[in-house]
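Labels for the chains are A, B, C, D, E, F, G and H, by order of writing; each one numbers its residues from 1.
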Amino acid sequence: VGQKPEDCMNQDSAVIAAFKVFQQELDTKHDKYERLVKSSRDITIESKRTIFLLHRVTSVPDVEEILTEADVKLDSVRQKIGQIAEELRGEDLHQFHRAITPGIQEYVEAVSFHHFIRHRTLISLEEINARLVFMRENKAVDEVTCPGPCVLTFQITPTDYLLGVADLTGELMRMCISSVGNGDMDTPFLLGGFLREIHDGFSFIGNTGPYEVSKKLHTLRQSLGKVEDACYTLRVRGSEIPKHMLADVFSSRAAHLDPDDAMP
Amino acid sequence: VGQKPEDCMNQDSAVIAAFKVFQQELDTKHDKYERLVKSSRDITIESKRTIFLLHRVTSVPDVEEILTEADVKLDSVRQKIGQIAEELRGEDLHQFHRAITPGIQEYVEAVSFHHFIRHRTLISLEEINARLVFMRENKAVDEVTCPGPCVLTFQITPTDYLLGVADLTGELMRMCISSVGNGDMDTPFLLGGFLREIHDGFSFIGNTGPYEVSKKLHTLRQSLGKVEDACYTLRVRGSEIPKHMLADVFSSRAAHLDPDDAMP
Amino acid sequence: MSVTEMFSYIQGFLSADQDIREDIRKVVQVLEQTAREILTLLQSVHQPTGFKDIPSKCLKARELFCTVRNHTGELKTKFPAEQYYRYHEHWRFVLQRLAFLAAFVVYLETESLVTREEVAKILAIEVDREKGFHLDVEDYLAGVLILASELSRLAVNSVTAGDYGRPLRISNFINELDSGFRLLNLKNDPLRKRYDGLKYDVKKIEEVVYDLSIRGLAKELETVGE
Amino acid sequence: MSVTEMFSYIQGFLSADQDIREDIRKVVQVLEQTAREILTLLQSVHQPTGFKDIPSKCLKARELFCTVRNHTGELKTKFPAEQYYRYHEHWRFVLQRLAFLAAFVVYLETESLVTREEVAKILAIEVDREKGFHLDVEDYLAGVLILASELSRLAVNSVTAGDYGRPLRISNFINELDSGFRLLNLKNDPLRKRYDGLKYDVKKIEEVVYDLSIRGLAKELETVGE
Amino acid sequence: MSVTEMFSYIQGFLSADQDIREDIRKVVQVLEQTAREILTLLQSVHQPTGFKDIPSKCLKARELFCTVRNHTGELKTKFPAEQYYRYHEHWRFVLQRLAFLAAFVVYLETESLVTREEVAKILAIEVDREKGFHLDVEDYLAGVLILASELSRLAVNSVTAGDYGRPLRISNFINELDSGFRLLNLKNDPLRKRYDGLKYDVKKIEEVVYDLSIRGLAKELETVGE
Amino acid sequence: MSVTEMFSYIQGFLSADQDIREDIRKVVQVLEQTAREILTLLQSVHQPTGFKDIPSKCLKARELFCTVRNHTGELKTKFPAEQYYRYHEHWRFVLQRLAFLAAFVVYLETESLVTREEVAKILAIEVDREKGFHLDVEDYLAGVLILASELSRLAVNSVTAGDYGRPLRISNFINELDSGFRLLNLKNDPLRKRYDGLKYDVKKIEEVVYDLSIRGLAKELETVGE
Amino acid sequence: MSVTEMFSYIQGFLSADQDIREDIRKVVQVLEQTAREILTLLQSVHQPTGFKDIPSKCLKARELFCTVRNHTGELKTKFPAEQYYRYHEHWRFVLQRLAFLAAFVVYLETESLVTREEVAKILAIEVDREKGFHLDVEDYLAGVLILASELSRLAVNSVTAGDYGRPLRISNFINELDSGFRLLNLKNDPLRKRYDGLKYDVKKIEEVVYDLSIRGLAKELETVGE
Amino acid sequence: MSVTEMFSYIQGFLSADQDIREDIRKVVQVLEQTAREILTLLQSVHQPTGFKDIPSKCLKARELFCTVRNHTGELKTKFPAEQYYRYHEHWRFVLQRLAFLAAFVVYLETESLVTREEVAKILAIEVDREKGFHLDVEDYLAGVLILASELSRLAVNSVTAGDYGRPLRISNFINELDSGFRLLNLKNDPLRKRYDGLKYDVKKIEEVVYDLSIRGLAKELETVGE
């Protein structure tokens, strides 16, 4: 029994040698995980700031300017996602998924918000992933496997996409309320329809999706309620316009109201 | 109502000017917070690895070598704390406390473990803080306020110290069980006494401390129980040594057993 | 230092900390009481009869702020100046209310947004952290957001009281405020939640202005809006 | 692509994912059944009579591992190879048990630690992630730690069965294992918890050796230990 | 006294307590049933047709309060008077509902705030704790706050029913109530939470008045407001 | 019978139970799929354009209920009839959803409350527990409460779509429902919680009616209300 | 049938259900009381003096089981037989305790495992669900697992009382039990959790046997083990 | 009485209540401080050297209980006697700790169970609720259960300190306690949870006695056991 210290000194035993390998393997993995967490946090912050920037579109005349500025910000986020892709080159994405999922979801939220403002449609997962293709200078090491400039891609998972879109609905609700406040009469109805489509989409998926999705459904439903209430209020008060004023009001503040969309 | 967009264009209004200042102030603070969170994570990881390293002392002959290696690791942690101190220069520590507290607690745990192994005593808060004094090259900017090489200190709060010490007890328990497994007959009793002192200290503080401390008391009590059980087992089985073997056993495996401490 | 000594030392620190908190709590309670009195005073502007003597109410409120300054003066003495954020939670709530009340008084007096400097002066505290007990920028902003919601209520009640011009002026004021807030990148914290509420205040006021406008009660609108 | 189409597309993905999981669950259930059979077989070595025919038990276990290999072979076909960690949770538990069982068989046969490579071979899976369905290093380590706790029990029961040499050999084996684990930096995860248990196994075995030693029943000790 | 004897003796205590609680629960159930009946009766005032025969509904409610008084009379006999707070949780909820119902009846009858004395009398219980089973002041206040939210609903529905004067009167009543509550220094407890809801009721009613006012439907307002 | 034999025998029991649960789960999954399809179909009535073709949507929903009936028919065969409550949790959730969907269809068709008998018929299950797979009364009530909250949403959206008559009819319907529920003595269970939500639905709809009424958009009201 | 009539009718259902639950609760309380008495009686075997008169204790316990049978007889009459699982939760806990007590008596009498049939007979209930109020197989197994933990305690205390043979017999018994349970494929439910505790009981008893064996106090072992 | 007057009057009530609570909290804080001092004092018996001077420690503890009596004396004056249960939560925790400490002192002095009367006397409070500030029976029981867990620790540490007789005496004491508790019909409350922990204490102490007994260190056992 007293000899144990000596046994353990047997540093060149096969067991010890094997565990030295394990040590390195585990440390490497852990370090990588940690680097990914940090990247993810950076992505979250920058995406959130992009969303704040995009909300300014309801109050400024030049929407395009903001969209461009937001795109520049998103480009820098994509660069960071590129770093993640680099980090995950040859790895199993799912092994490190928990480290990066918060950032990725926030990016989906930001990029889909940007897309909605520009195109008034829901960006597809393919469209998002199509912009996550990165050219990389080749490292001498893997020249064999990948000659010339190397193409690196990052594939957002459908679940992260879904979770990002769920959060998007909160931003759309905020945009809707702001629009009403800014006297914009058609955006609310447009948002109402779009949000209802997303809501119906989520209820079509129901509880077949992952648990995190179901958790966000309640908030989604609340947002939809707020938007529907806003549309309702616009309609109700619109019903009251005295006949003699109708022309005035229409010309002064609802010139671009699309009768097809807004009138039932 | 329709004029709002124009109002908002009044970018040089006093209000807008003020909010631009606020924006910068908030972003600066947020960015700093984020950098501190990252430093704290680094500190946590490196401290944890130091603790793992220190646990090897129960199974190797040259304790000093490990202690020195651990001290080198702790030095690098201290460098990171120095970065935090730099970051907090002129700030109110408590404003960013939540960002750094996990890392700082882990450092207390590691450094007090190191100290216990070397000195068999509890390191004091002063002793810890005394090593968190950093010399800094002076930046031209604040040359006025601080001429010559600038001294920067970091003061760990009593609460973080307490929480770190609470976690230390878990490591001491692990060390105790390992010692028994390695046939070491006096470390367990030593640890038992030490842990009991810490336990009594915590029960003296009771619920006057912050909530986080009370939360850790249960684990602390469990650790103490495990150590007391181990001491009990050693004593009980020690009572059984047949008279004729006593000499043998003592010479072969309990040579350094201190009769004063170990025999009641 | 023995373990026991160490724990005694820490215990001493914890007791001192608790004593400080107890002291702070007491002053804060008194502050809250005074804040409630100012609120009751200013709330009466929502009454139909309340619109008449706004100036005299503001004067009275200004007097009560003297008392507030005494209390904030006392509060500062209760803890080491550089540990403001250690005890921040204790007075954060009341400070936001007071910032709101100061902003409300100033709005009623001049229909303009109180600056952070002015609030600090009214409360006899600092703007810069380095100079002493100060008004955190987020607390100032929270106070301003409470004002926005109070003004949306005021817009409604001023119509009831027959004052059709005020809603339009409130509308302009609040729109500028909204533009300001859009510049900020807020975290997911209480301030962000409050800011989300601002959108509803803006919306409510817009609805009042709309109601006035379709009834031809807002003739001033065109002129003011330009 | 319309919103509806988009959600249909995602729903398709989710269904496919669920089907895969369902398939995996079924194979895993069968694997668990076989693992339980191997366990029952090997557990009998703890019986006083069990020490006699360890070799024959190992042979039978080896046969059952053939069945295991069939199941792991099937498991691999159930999902895209590069998505191992996506479904890891489903088989993690049973794979750790199987790693333990493989380690136990090898220990009983040769009293040496099974390597990761050997376990992979016994289960007909890979060591390197890149090569296909593999044995995660943490799962291998978890299996080894289950072995340690099984051996501490075996040390106790071999004394009951009158075999006084085995505890000493187990002691040496487990000490080496312990030294190995001390090299690792574990996170606060299930593996860390299991590793904390190893200390108790080491302690238990040390106590058995002590009991033998003070009774002079461990004469071999000196020789073996050197 | 042996340990066994002592514990038997203690068990006597525990049983007695459990029996009391069981008895209380039964009476409280009956009280809840009657409270629900009164509620159903009074709720009908929200119907368009309900505004006509408020007096007859109040009369019927008054009759049902006789039954309530029988039950409270029974409740008092179920436990020693000085242990009111020991069992308070059992009847707290229903007592708050009954206080609300009493306050609602009185409001419908006289458009005034029921006093604590009146509620106590309607329920045949005491005001002063010293005199017996009493109405705790917090429970009275909780009941009054439920009334406030009921009245905000009533204001809405009276407009629907074409009664444009009632909202203005409700508005005055609720403003007075609000001022009253602002005199109180509430702790951070359920009552405080309920009180926070009061400001929404105030705002809702103000908006109803606004709606009437901007449409010229609130001619009485000027007179009332003076 | 040896211990081993007995446990083997018991394992038979356990397997049988697990198989039943597995079978039930599969049918329930399909039921949920169909329920989701009906929901998606009926939810489209909230779209501004959705109000036009309610009848055709109801027809399509009725068709989908045929599929439902096939599934419930299958479900019944999966377990012994008298063990309904043993497996209740498996289908409770989907049955409540289906009860809601049946209630929604019937409401859209006839603007009346579906009875438990009708729901049972639509789902091809029993009302009386004794007769076989039945609709538990609590599950029926849960379904009805989901309908109430759907209708409060419908009231809002029908106004947006320009249908001003519907909210008044919904209001009457929901008031009747509310009176009905007040007759029930619910325990402190999930159903009670859901029921507490009903009063928000009632209030919401009353506010819609109010909005229409004050703007003179609710001419029918007078007639209906009498 | 009007809505009101329907809800009145439904309230009848709900009341009936609540009454049944109340009735069941009362009988179950009495059952728990008797179970506690049997436990106190049997617990005394752990006392050093308790080993002497095990048979007389078993006799007394058998008598108390008569009372149990009266209560179970009463319990059956409280609800319709086919709704066993509807109310299962109410008696599940006490039934498991009673199964344990029956198993304990039988073990003390014959050192063999009680069968489910025997337990059912002792409690005067059925084995087959179809025949009436029965002993669910999971509840039987739960009772057996409680026995295992009681026996590990008994092994310890019998050594204290100087009975060195009993631990060996308990060890054999519990090993057989363990093999039995390993035949079962348990779900992730409370039973599975309890079963995970069995391995600690097995280990504890093995250590007792080890302690006896290394001290030469277990001479019988060799003979028994063969 | 106007609404304002009434609310002012009510505020008087609320303030009085808050003042009482503040006063109670202060005294309770001091009590907790003293209780912690007694605990620190008595806990030192677990130290290897602590066993020597138990009597002198008990004396010192008895002195500290004088201080406790002063505080309880003060506590009584802070609120009307019949409102004990209104403020019970404030001192419940510390009273349980003090009951434990009293029970611990008495046990160390005489190795017997303190009665509720004795605890009341040590704390200078009443046993009967009617006579004034009393010791609630549940609080007494909670204190006794804390003692049980402290004694299981003491049994372990007394062996470490070389006192082999004490565990046997503790074992008898705790068995008697266990029988006592089994006479009680506890509700599903915190006390019940604590009581569930008692069986672990019992088992722990039995294992200590076993360890001593198998090593022949418990010679007294035979005599005591008879």
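Operating definition for what follows: a contact is a pair of C-beta atoms (placed from the backbone, for glycine too) under 8 Å apart; a residue touches a chain by one contact, two chains touch by 3 or more.
Predicted model, so just to flag it, every value in this text is computed and none were measured.
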| item | value |
| --- | --- |
| Steps needed, at minimum, to go from chain A to chain G via contacts | 2 |
| Selected from G-H, C-E or F-G, interface repeating E-H by over half of its contact pairs | F-G |
| Chain pair, F-G or A-B, that carries the greater number of C-beta contacts | F-G |
| For chain B paired with chain C, centre-to-centre distance based on mean C-alpha positions, whole Å | 41 |
| Centre-to-centre distance between chain F and chain B (centres being mean Cα positions), rounded to whole Å | 57 |
| Between chain C and chain G, centroid-to-centroid distance (C-alpha), Å | 65 |
| In chain E, residues with contacts to at least two other chains | 179, 185 |
| For chain A, residues that touch 2 or more chains besides their own | 1-2, 4, 8, 30, 59, 182-183, 200, 204, 240 |
| In contact (per the touch rule at the top): chain pairs | A-B, A-C, A-D, A-F, B-C, B-D, B-H, C-E, D-G, E-F, E-H, F-G, G-H |
| Contact footprint of chain F on chain G as seen in their complex | 1, 3-4, 6-8, 10-11, 13-15, 18, 82-86, 88, 113, 115-116, 129-130, 137, 141, 176-177, 179-181, 183-187 |
| Chain E-facing residues of chain C, complex | 33, 36, 39-40, 43, 46-49, 153, 156-157, 159-161, 208, 211-212, 215, 217 |
| Chain A residues touching chain F - in the complex, by the definition given at the top | 189, 192-193, 196, 200, 203-204, 206-207, 225, 228-229, 231-232, 235-236, 239-240, 263-264 |
| Of chain B, residues touching chain D in the complex | 48-49, 52, 55-56, 59, 174, 177-178, 180-183, 230, 233, 237, 240-242, 245, 249 |
| For the chain A and chain D complex, residues of the former touching the latter | 1-4, 7-8, 10, 13-16, 18-20, 22-23, 25-27, 30, 90, 92-95, 97, 121-122, 124-125, 158-159, 161-162, 194, 197-198, 200-202, 204-205, 208-209 |
